[in-house]
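So that you can tell them apart, the chains are marked A, B, C and D in the order they are listed, and the count of residues begins at 1 in each.
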Amino acid sequence: MGTAFEPRDPDYEQRVRESFARQGLLATFAAELRRIEPGKVEIEVPFSSGMTQQDGFFHAGVGIAILDSACGYSALTLMAAEMRVLTVELKVNLLAPAAGDRLQAHGEVVRPGRNLTVCRGDAYAVSGGDSRHVATILATTTSIAEGGT
Amino acid sequence: MGTAFEPRDPDYEQRVRESFARQGLLATFAAELRRIEPGKVEIEVPFSSGMTQQDGFFHAGVGIAILDSACGYSALTLMAAEMRVLTVELKVNLLAPAAGDRLQAHGEVVRPGRNLTVCRGDAYAVSGGDSRHVATILATTTSIAEGGT
Amino acid sequence: MGTAFEPRDPDYEQRVRESFARQGLLATFAAELRRIEPGKVEIEVPFSSGMTQQDGFFHAGVGIAILDSACGYSALTLMAAEMRVLTVELKVNLLAPAAGDRLQAHGEVVRPGRNLTVCRGDAYAVSGGDSRHVATILATTTSIAEGGT
Amino acid sequence: MGTAFEPRDPDYEQRVRESFARQGLLATFAAELRRIEPGKVEIEVPFSSGMTQQDGFFHAGVGIAILDSACGYSALTLMAAEMRVLTVELKVNLLAPAAGDRLQAHGEVVRPGRNLTVCRGDAYAVSGGDSRHVATILATTTSIAEGGT
């Protein structure tokens, strides 16, 4: 947090974009990558009625999915070129109903590691110029060699 | 776990079904309620390419969304008629890639309370007769009066 | 985070100190309150051989206990005079061995609420002028009326 | 859960006992190993006034410390002889005040792995013949070669 991280692979942005583009769920959500920096990734989804919970707001599952991806990709920006990222576990606190035109997830690396990388992040429901903090995540990711399981 | 719970509202099943039907995300996932008992709910989604992660398996966000709902609805089965349920927080461990024709989430109440109910659950990727344990959840829900925020 | 919180009870510091003084475990750890502000509390313990894990460093249980207390007391600083605080749940990532002369826990409120307050925090192992980030916590607390259970 | 695990090292019990004996905090708590089986470990501590929270019950930190150890050692029972165990992260829900003569932690492996092992567990406050479920844990451990960091 506040720490500058040095990427091992200069093509980290391209790797994030390629992986992102292969995710069917993120396409269903019309999710977009808004920011990719070493150790930091932001993802945004526009509201649609196919993503609601029972009160018509964004379902927590949408926020958690993009928080998970934002955290995982923030970890991926710091990994070597032949590695990919898997989420080991995540914990999310839901802070407020996610009522808004858009939902944004900010993920960042807390502690990078050869094997395990710890990430945190926050989700915001945005309407016009207003932004509301609706969720916070703490997650653990692992890196595995491409082609491995 | 193994404990039998007594519902306060005999119409608990109907309340779960009505809330479930209002969730746009669960409709997008073609999710179905498979089991509703006092303190236990199961939800299942069939595979589709709009729910995948980068390797073509179910995205973790799908599993977490239905685990969250299965836990929340297991809590709702034990609440008074005028209450509704909100997830306070959840923690999920992802155990294996969710490769399968269907994804099932089993949620159950660990400790019911007036205010807070603790739930746990497990997700399984199912293909034909095979079932693989792919995720486990521990979550906290709260009850609020209908119409409240 | 970075938000300034307004305490409802001007005697918040006194209430934290009195509750702290009643905790036998914190006395066993020779724990000290280093900082009490609205929404922020820091606790420190000096190293002793009665608090070690198998490699002779601070046991994770020590760090988690003081992180829990730092989070709970940061929530208590914002509660009304007649309320007390209980931890509902916590999640901790252990980032590095807690090798040091002292262990510090910093807790802060992320989102205060009437009923539930979400907190986060970090633990540092300190040796001379060096400080190492060894753990991070995300926790949920609840407030109950004094005398209640 | 319910699964029988096969230990890779027949001397798993001895390895758990040796590691346990090196933990200063567990000695401070007068903790005892009650059960060691492949994938399952139980630890118990007797009540003392040096382990209390502000109401005179067991401090959550005591329960979490022995839950962490019970989970970690349940993972260690399944590891190869040259490996040791580290806790990556844990999440605990506190279900009830830990009022009792003794506090018991039961840990068990949910999913063993070469690198990461997921465990769960429960803590019980016991008084005479009464046992009360006071906490539940979900945790991730990792194995590293002896001598490694």
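Rule of thumb we're sticking to: a contact is a pair of C-beta atoms (placed from the backbone, for glycine too) under 8 Å apart; a residue touches a chain by one contact, two chains touch by 3 or more.
Computed from a prediction, not measured in an experiment: that's the story for all the values here.
Centroid distances built from C-alpha atoms place D farthest away from chain A.
Of the two chain pairs considered here, A-D and A-B, the higher C-beta contact count falls to A-B. The distance from the centre of chain A to the centre of chain B, each centre being the mean of the chain's C-alpha atoms, comes to 22 Å. Centre-to-centre spacing of chain B and chain D amounts to 28 Å, using the average Cα coordinate of each chain. Centre-to-centre spacing of chain A and chain D amounts to 32 Å, using the average Cα coordinate of each chain. In chain C, 88-89, 91, 93, 118, 140 are the positions where the chain touches two or more neighbouring chains simultaneously. Only residues 88-89, 91, 115-116, 118, 140, 142 of chain C touch chain B when the two sit together in their complex.
Listing the residues of chain B that touch chain D in their complex gives 91, 93, 95-96, 110-111, 118, 120, 133, 136, 138, 140.
Across the complex, chain B is touched by residues 19-20, 22-28, 48-56, 59-62, 64-66, 68-69, 84, 86-94, 97, 149 of chain A.
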